[in-house]
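Note that the chains take the letters A, B, C and D in the order they are written out, and that residue 1 is the start of every chain.
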Amino acid sequence: MTGELLVFIILFLVTITGGLLMLNLTKVIHMVMALVLTFLGIAGLYIMLSAEFVAVVQILIYSGAITIIMLFGIMLTKHTEAEPKTGWAKKGVVFTGIVLFFLIMFKGIRTISLGPQAETLHENNTEQIGIMLFTDYVIPFELVSVVLLVALVGAVVLAKKDEEDEKEGEQS
Amino acid sequence: MDYVFLIPMLPLLSFLIILFTRPIYKKAGIVGTLFTGAAFLCSLIVLFSHFAEGNYIVEANWFSLDTVIITVGLEVNPLNALMLVIVTLVSFLVHIYSMGYMANDERYATFFSYLGLFTFSMTGLVLSPNLLQLYMFWELVGVCSFLLVGFYFYKPEAKAAAKKAFIMTRIGDIGLLVAIFLLFWQTGSFELDVIFEAAQAGDIAPSLITLIAILIFVGAVGKSGQFPLHTWLPDAMEGPTPVSALIHAATMVAAGVYLVAVTYPLFSVSEVAMTTVAVTGGFTAIFAATIALVQTDIKRILAYSTVSQLGYMMLALGAAGYTAGVFHLTTHAFFKALLFLAAGSVIHAVHEQNIFKMGGLSKKLPITATLFLIASLSISGFPLLAGFFSKDEILATTYGDGRYVLFAIGLITAFLTAFYMFRLYFLVFSGNSSTEARESPSVMLIPMMVLGALAIVGGYIQTNWFGTFLGDWLETTPYSITFVHHEAPFWLPILASVLSIGGIALAWMMYVRKTTSIKESNERTGLHELLYRKYYVDELYQVVFVKGSRVIAYFWMYVDRFIIEGGAAVITGAVKRFGQAGVKLQSGQVQTYGTVAFSGLVLVLLLIAVLGGYF
Amino acid sequence: MSSVPLSAFLVTALLLFCMGLYGALTKRNAVIVLISIELMLNAVNLNLVAFAKYGVGASIRGQVFSLFTITVAAAEAAVGLAILIALYRNRATVNVDEMNTLKK
Amino acid sequence: MNDSFLLTILILSPLLGIVLLSIMPGDHRFINYMGVLGTVLPLGLTLIVFSLFDRSLSGVQFKEYHQWFELMTSISPNEPYTVAYDLGVTGLSVLFLMLASLITFLASLTALRIKESAKGFYILFLLLEVGILGVFASENLFLFFLFFEITLVSMFLLVGKWGGFNREKAAFSFLIYNGIGSILLLIVIIVLFVEMRTTNITELTMLLKDTDSLEFLSGSTRTWLFVLLLIAFGIKLPIVPFHTWMVRVHVEAPIAVVMIHAGVLLKIGAYGLIRFGVGFFPEQLKEMAVALAILGVINLLYGAFIALVQTELRSVLAYSSISHMGIVLLGVASFNTAGLQGAVFQTISHGLIAALLFLLVGVLINRFQTTKLEELGGVASQTPLFAGFLLAAGLASLGLPGMSGFISEFLAFLGLFEAMPVIGAVGVLGLILTAVYMLRAVLAVTFGERRTLFDNNRDLTAVELVPSAILLSIIIWIGVYPQVLSNTLQLARTLGIGG
């Protein structure tokens, strides 16, 4: 057993445990916390895959930003302590479907055969990405910035209380 | 003879004129009478020219079927010339009579238009040279009978009787229709002469010819009120009395006998068919006579008497007595029409049909009583009157044909006939009367007198003493019929006379001398009840056919309602369920949509994996 | 060279994806549903990055793609949450079962 | 190729009425009269076609042919499938055209009573006429189907909007049953089109007769096609057990529509069965003749028995239609000249008689507001003319000689007795039953004691009397002189059988 494999197994366990916890915990806050574990595990896997920059972004955005947004979301809305249960039948159908899906995909993964490894990813990873973004992908990059802007404005508009509602709220 | 076509056309014209011209409403009787009288004159001329010129036939193309041309035409031969005269004469007399009898009816004109239509149909029937045309008119007379029986349409009994008359005769007609179909496919023609030639030449298998003959006879049974299709005829007495005289005594009901006579060459080939005819006729004769013994309604007694006499004619035909059958048909037309008209005259006077509520009318209605007596004597076979000769001819034929059982039945029937006729006569006319009554107007009496004269002398056209004029003449028919003339044994007329007088005497003893109590009592026992209820035939039919068909009908109706409609409902229901299941999926919940979409994806993947051979 | 095969990463991603899917389809709390969707996106990202290293045309482009995905996911999370809050204000619930206005 | 444009003008002539109606204001006083006028033009044109139709020639007359569009296929790119606008009439269809425009005209007269949105009614009514005329004038299966669908849609709307209490259910069952029928018909048409490369009816008849040259359509395929065709038109005819929709329509639809429905639309089933069933698949028909005859007897007896116990006049007449259509089947099954001629005669005769009967039912509803037999009775004393016509119509329906019903039943059974005497013997029972139920129903209305319930009711008015008299005189005319039909029909030449 190489060290690399050992690292992978640890990261794998962290990731999967996070996911399973998220599915099985009862409190919403705990679920989000469990998810942070998964995100961190995935970031570790990115590093193993010679994607340092992505790993950093992952930690920043997922473990940081998105988790925090979710926490805000949870706090801004009211929650019954326990998550209401979904019907067994539906769960069963979904579960069977997912297991089948998993099996089929697993089979596919096992028979996959691919070309040679890319060797130079880890060398100046961030630089490579930066060059790529500003040469080949400059237009998508700009577009994404627009998307982000739209999302920002949209989120503000949606989340903002209507003025009329506010007035009504004050009067009542 | 080219004006033969006038005979049916004149009554048809009368029908159309009365139907379409309302202004002559009150003159309808005169119009109808004139036209029918003209038709009668034509018939007489045709009869006499037939003596001179012999048979006549004219045909025209009517319809073509492939290569077969179906024709219509007019034929005059001895049999139908005679029938023509009888039909138009009785119709003419009934027209005159009805002008008096129906004078106060609010549908006076309608009545005469129906009479015109009937006379047209009946003469058309008689003149038909082919079976198809005959069948068409055969149905038409049935409809006229239906219309006239139901003339008093507001009476529920009349409605029921009209319906019954139509349906019962229709059952018989279907037999005739099937026979016509079978004959067509055997001979390729509806023409009587072609059919008869084929039959005589043996082109049709003997068993088939028997079947065909019996089917034709079924038609005759329906029309002539023979057992077992007799029940409509007594009920048909719900119609106006002149109609009973015309249709249900003299002409239409005799059409059955006429039909058997017309298709006689077919019957004569098959011994079985002949026996069927004879036995049915004989049985009906005595069967109806026994019922007539105990009935209380004057018209019903006469109706059963008609059934019985028609049975007599059938018996004669079945026993190879072509002449005898036709002879009796002729005389019967006269005296039975007279009986009905006289009965109508009585009913017209006293407005009552139950004979036990009448009595002593001979003093108030002397002419009617006399004419009724003549007719009764004639039908009873009183010596030297018309009925005597024709009845003798039938009995002689039956005896000569070797059908001794039927001969005995004929004798008994003759006795019974005399008895019930005079039971009727004595109850109505003898004794003392308390009811108010006035003799009918002369417009009613004159036709009766004409018929009375014929009922006396009508028999002399065929006697052993003055010559067998009728028989000789009928032999000039264009079709090959074997005429058998049996000389009556010397004792037969005597025996018949004795029986007839014996019957009259018995009636006199019972109802004039009153040796037995004759009060109409409500308590009837045993045989009397059985006879009074007409052997429960009506009740039997009610249960078996009417109820039976209703049961079948309801069965199918429920099949229709529950199985077929239900089946359709199950299918539509299933589709609807399926749709509702789909609606349930469209719950608006994204997760459900997701689940369904995902399940679909998994299924597709599975399919690809399995069918694509990845597993 | 590496002792961890590609399929190990792919199976990890698959497991994550399945868990995310399960959560997205069965959980009733809208926030959790959103989170589950993030999990699925993460699984996809993991695949992208893994293929960037081991794939047929292995290159840095896979990582660039995953960056885009992460960006869009962030935007999605923000908008999703905004919608959720707006909805919560109107209906006072975050239960997905009651969010069936699509039907009407 | 084009003899004249008469048929196109004829088919499109009701459109003139539609245009005029649509520019009139909906509440105009003469809107109903305008609708009636709209049906006069087609009637006149049909009379012209009928009188110009050369009875001494055989085959299709008044032909019109225009190529409509072409379909390219990858299988044979050089030989496109051609769909044509293809009109023409044979002796058979010219009779049906005459029947259709006559009954439509008479029915439009009875629709004068309609007050509620008469404009829409007459527009749909005229559209229905376009469909019917088109069905009978098409020389092309494609066009036939197109017009067939037009009748379906307009009927659906007419029943659904102007019908009785359960009109929507009736309209839907009409649509569903007939929709299924159309699908089956479409399948047959498509298969024939693909295999034979033509949809021209006459060409198809010739091609399919030459069975040796049929490479693609094996015997079993043709059997299947015949069965499909039988079901498609069997629904229309209707054959038991596909009849429930038709009873519903008879009971629910407005009288003018029922007249057309019973008088003409059901006859499309018979027309199709005779023209296509007999014309395209004679071999298959001969093979299945016994089955067909049994179906016919079932129809005949089934309808008759159920009619016997119905308590409502319209239901009686509906089941009587089923019963009478059984005779059409019997005539077709016998497959000889007499039988087929009987089938055509019966179709036309029943069209006339049913129209007359329903016309009178319309009067009954108008005067007495009921068609329940137990509530009626003795109307003969108040409305003698009406009662007389009803009785005459009833007698015609039960096959009284001298009226058209007799000669058609006679011929049909004559044919049947040659082919299958035993089935015929069972079938004649139906004739007795017909008399029983018809008299029961008619006498229940006209005879019996007078009901004080209906005092002072008018007898037939002129607008009712004239159509009744026209129908009755045609019925009697055909009954007295049936050659008038067979002269035009020339069945042997139209279908190429028998002679």
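The definition used in the following text is that contacts are C-beta pairs under 8 Å (C-beta built on N, C-alpha and C of every residue); 3 or more make two chains touch, one makes a residue touch a chain.
Model, not experiment: these values are computed from the prediction.
Counting C-beta pairs in contact across B-C and across A-C shows that the higher total falls to A-C.
The geometric centre of chain C is 66 Å away from that of chain D, both derived from CA atoms. Chain B and chain C, compared by their mean Cα positions, are separated by 97 Å. One simple way to say how far apart two chains are is to compare their mean CA positions; for chain A and chain C this gives 5 Å.
Distance between chain B and chain D, defined via averaged C-alpha coordinates, is recorded as 37 Å.
The multi-chain contact residues of chain B, meaning those touching 2 or more other chains, are 595, 598. Residue positions of chain C touching 2 or more other chains, listed in rising order: 21, 25-26, 97. With touch defined as above, residues shared between interfaces to two or more other chains in chain A number as follows: 90, 94, 101. Viewed as a network of touching protein chains, the structure does not reduce to a path, ring, star or complete graph. Taken together, the chains touch in the following pairs: A-B, A-C, B-C, B-D. Per the touch definition, chain C reaches chain A in the complex via residues 1-4, 6-12, 14-16, 18-23, 25-29, 31-32, 34-36, 38-39, 42, 45-46, 49-50, 52-61, 63-64, 66-68, 70-79, 81-86, 88-89, 92, 94-95, 97. Against chain C, in their complex, chain A makes its touches with residues 2, 4-5, 8, 12, 15-16, 19-20, 22-23, 28, 31-32, 35, 38-39, 42, 45-46, 48-51, 53-54, 57-58, 61-62, 65-66, 69-70, 72-74, 76-79, 83-84, 86, 90-91, 94-95, 98, 101-102, 105-106, 109-110, 112, 114-118, 121, 125, 128-129, 132-133, 136-137, 140, 144, 147-148, 150-152, 154-159, 161, 165.
Within the complex, the chain A residues that touch chain B are 90, 93-94, 97, 100-101, 104, 107-108, 111. Note for the complex: chain B touches chain D at residues 61-67, 132, 135-137, 139-140, 143, 150, 153-154, 156, 158-159, 162-163, 166-167, 170-171, 174, 177-178, 181-182, 184-185, 549-550, 552-554, 556-557, 560, 564-565, 567-568, 572.
The touching residues of chain B, when paired with chain A in their complex, are 592, 595, 598-599, 601-602, 605-606, 609, 614-615.
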